[in-house]
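Structure in structure tokens, see below.
Going in written order, the chains are labelled A, B and C, and every chain counts its residues from 1.
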Amino acid sequence: MTMWKRKLLDRLFSGSAYGAIAVMAFFLVIVIGPIFLKGIGAYLFEGTIDYRRMMLNQFNRGDEQALDVEWAEVKQERKIIYDALFAFEKELDNMSSSRRRELKPAFKQTKEAVAILLGPEPGTPLPALPRRLYGQTRWERAELKAKDVLFEESWDYSGAQGKKVMTPRAPLFKGTALEPLFSKIEKDLESLMRPERTFYPQFLTDKSIDAHFFGGIGPEVMGTIYLALGAMLIAVPLGVIAAIYFQEYAKEGFVFSLLRSCVNTLAGVPSVVFGLFGLAFFINTLRVSPGKSVVAGALTLALLVLPTVIRAAEEAIASVPRTYKEAALSLGAGKWRTILTVILPAALPGILTGIVISMGRAAGETAPIIFTAAVSVGPMVLPSEIFTTSTPALSWNLYNICTEHEAVDEIRHVQYGMALTLVMIVLALNTLAIVLRAKVSRKLKG
Amino acid sequence: MNIETPKGKQPETHIEAKGFSIFYGTQEAVKRVDMSIPKGAVTAIIGPSGCGKSTFLRAVNRMNDLIPNCRAAGELLVDGLNVYDAGIDASVLRRRVGMVFQKPNPFPKSIYDNVAYGPRLHQSYAKRELDAVVEESLRGAALWDEVKDRLNKNALGLSGGQAQRLCLARALAVNPEILLMDEPTSALDPKSTSRIEELIVQLKGRYTIAIVTHNMQQAARISDVTAFFYEGVMVEFDETSQLFTRPKEKRTEDYITGRFG
Amino acid sequence: MKQTEQFILSEADVRRRKFFTGLGQTFLFAITSVAALAVLAIIFFIARDALPFFSGSRTWAFFTSKEWYPTSATPKFGAAAIFAGSFIVTLTAVLFAVPPGILAAVCLSDLLPFNVRQVVKPVVEILAAIPSVVYGFFALVVLAPFLQDTLGAASGVNALNASIILAIMALPTIVSVSEDALQAAGRELREGSYALGATRAETLLKVVIPSAMSGIFSAVLLGIMRALGETMVVWMASGNAAQIPSPFYNLLQPIRTLTATIAGDMGEADQMTGSAHYHVLFAMGLSLLIFSFLCNLAGEWVVNRQRKRLRGA
């Protein structure tokens, strides 16, 4: 091979290696980016007057008097719309039957779209579902729903793929009493909805109302905390003791290598199999709880993270300089005292790193808790109920509200908010781990 | 053998080896050593690298127990009791036989906690008492004035010489009778070395000190008696002045005149 | 002055001490055994609930038939298409992930300067830390519409979508384990090759990577295990149709995997613990378990062989 060919190959190879790193960074940005950008929207958004009314009614938050004043003004604005609807209904009765047949379906659609945009018409009986009690609470949703009032949506299947066609309704109702409604909504949507910059930190702690249409993700956050903490409470003592045994007591031999292989194998068990095991063992055999429960889920997750905890603790213990141990023993400390007073404290940052990483893992895992702990909707679980009650959890409910929810598209902001919250919890724990690890390596350097 | 302490009294034997051997697996690292280390004196152990000095020293407080398949034979008596007897409590033995290691090895704790570590193990002290013990030990190691204002700082911030004196203070704090030192100055600069040497001279009498060193001048300067080890065998054991000026053995002479090792 | 403490113990004391030390060690051993033997309990309980399924004709159909109608009046439990689905996404994901994974490992171990590496490594770690359900969510709301619009797939949730996400998830494992292997190959080896005038690419491709091959192999095995055992992503992104794509390499068709089937069906099946549907899901769990054991064994075998070779046997 000639020199320049070899050089070229070298360049190509290095280039593609750098490229691979770039690809990974790209994936990271592409996955986290949208979740971050849109997830913020659950906490920070333009809330409409309906949002503020909802908050006052459902959560008793906000300034009631100021809202009364504002609401009176908005009602005045909205009156034009309702007047138009009312007048047109009258008008409809007096129309020729063919014209009526032409306009009535479109009118009904319009009326429904208005009810979705602005909430139930004053004076009509209140609907049962909270989601129908208010108009659109978020400005970007209001803008979207306003389009449903203004346009008729239909699908054109003439091409290879269906194409959405938006036909304005206003021309159809030209000259009728309904006409002002369209121009009002088109031009004055802002004064109808009164959007205001809203910061909603309680999204993290509020209960959800009407299957996540309103409110926050408090029960899910709480459930995730229960499960992750519970799993660590079980896994850490077990794991650290096992690590001490492996590092300080066990002698090489058959038993040692058997236990070792068992731990290695445990690390390779697929997470959904842990779920099956939790169901078959903790619930159906040990009966730690009558059905799914926080405790059953925590036990299952504990097993899942156990190998990670053991390995991290072992590594940390092994990296404690031997001289510490010698010094302690030479002062007359027994083996157990040496472990407790010198080795474990020196290994602590390393062990903590492992614990924190495992905790992130436990918080994010879904498959093991599907059959052992998770429930799609439920109230916040009290500490006294952990042996009996299943709990919502961020990971499971994120799955649930983006696949099995009856109105997946309506609550995108909640889905993103939940994903962001979960990612932030896990990332915060991992950042903590990275910081801890940096501290350890600095310490070892002297 | 007739050894005289500087005061001229007939010395009392504190540590006595009788046909004492140590094996690593099948390799005999210390071979049938007989020697009596006198009470209150400084005993230097010299010899070329790998001759078993550390192994012997570490046998006295049974630090060799840490090494798997390390085994002892014969007798090693401290105050007339064989330390390898079944009934011996290694922790209590180690409390009476302190050790300072080659590299300073303070714990990653505060200076105070380092010194207080030993006392806390063996007894529960009131805060005032413990403060007194810590101060006394630090003074004993000539470190008090340098660290009294930063007792709660991490000991890993001390210089090498300071750290080694801290380790000495830590060993003194449990009030041992014997101090074993395995090349305590080999990792230190000359100035720190001479401070440690001064200390050793100050401490002798109160403590029985056994020190391993590669530095012949050091052995000559500070020790009362010297043992020369060669390939696991104790070749010669005599008063320091004797051994360095009129060695009886050819191998000793070759070693101290620098012909090998 | 000094109170001389007796350091010889009475025989009773010796016995007591032995007893307590023994007790302590037994306690440690017991706890460790619990932790380690959990895996045996897992095998036992999964097998216990799986075995009732395997009776005569059902076993044969399970592995060969494509008819998966677990809830019909006369249920059919042919899981061949589901096995194929797991196989297809795993294989594709690993094929996607291995080349960039190894290249990225090379870059981390040999190309990047130390301080840049300190920045890049957390990227790998974070990629590994993101919960799978979040990846699934991404697959569903970002990647699926994208695939639908650009590739004209009938549905954005399909084998390709799941494979891409699984590849992203397997990448960090492959990168970090391969990097360790490359690092372990050592400086001398590299310097030896450079000294002969080899370029960096030649050194890495002809000397370093071959000598790190066993480590890279275990990295790939771990990647396979990760992809095969992953549940949420395939459940959310693969479309969950129990069918073998036609032709089999048509990744734009939806498929269904073992893990997703277990996760999706157990919700209905656990109400009737003991039903054939319940047991067939455990049979799938057992299959997964056995496969991951085989991967583990293969990994250990390779590592042991390498260790022997290094010892010069």
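What we mean here is this: a residue touches a chain if its C-beta (ideal position, glycine included) is under 8 Å from a C-beta of that chain, and two chains touch if they have at least 3 such contacts.
All of these numbers come straight from a predicted model, not from anything done at the bench.
A comparison of C-alpha centroids places C closest to the centre of the full protein.
When the C-beta contacts at A-B and at B-C are tallied, the pair with the greater total is A-B.
Taking each chain's centre as the mean of its C-alpha atoms, subunit A lies 25 Å from subunit C. If you average the CA atoms of subunit A and of subunit B, the two centres end up 63 Å from each other. Centre-to-centre separation between subunit B and subunit C, using Cα means, comes to 54 Å.
Across the assembly, subunit B contributes residues 92-93, 95 that each touch 2 or more other chains.
For subunit C, no residue reaches two or more other chains under the stated contact definition. Remark: subunit C residues 24-25, 28-29, 31-42, 45-46, 48-49, 99-101, 103-104, 106-108, 111-112, 120, 122-127, 129-138, 140-142, 152, 168, 171, 175, 199-202, 204-205, 225, 228-232, 235-236, 259, 262-263, 266-267, 270, 273, 281-282, 285, 288-289, 292-293, 295-296, 300 touch subunit A in the complex. The residues of subunit B lying in touch with subunit A in their complex are 61, 63, 66, 68, 91-95, 98-99, 101, 103, 105-109, 117-118, 121-122, 156, 167, 170-171, 174. The touching residues of subunit B, when paired with subunit C in their complex, are 79, 81, 85-89, 92-93, 95-96, 175, 177. Contacts from subunit A toward subunit B in the complex involve residues 251, 321, 323-334, 337, 341-342, 345-346, 443, 446.
Those residues of subunit A that touch subunit C in the complex are listed here as 6-7, 9-10, 12-14, 16-21, 23-25, 27-28, 30-32, 34-35, 161, 237-239, 241-242, 244-246, 249-250, 258-266, 268-277, 279-281, 284-285, 303, 306, 310, 336, 357, 360-361, 363-367, 370-371, 395-396, 398-399, 402-403, 412, 415, 419, 422-423, 426-427, 430, 434.
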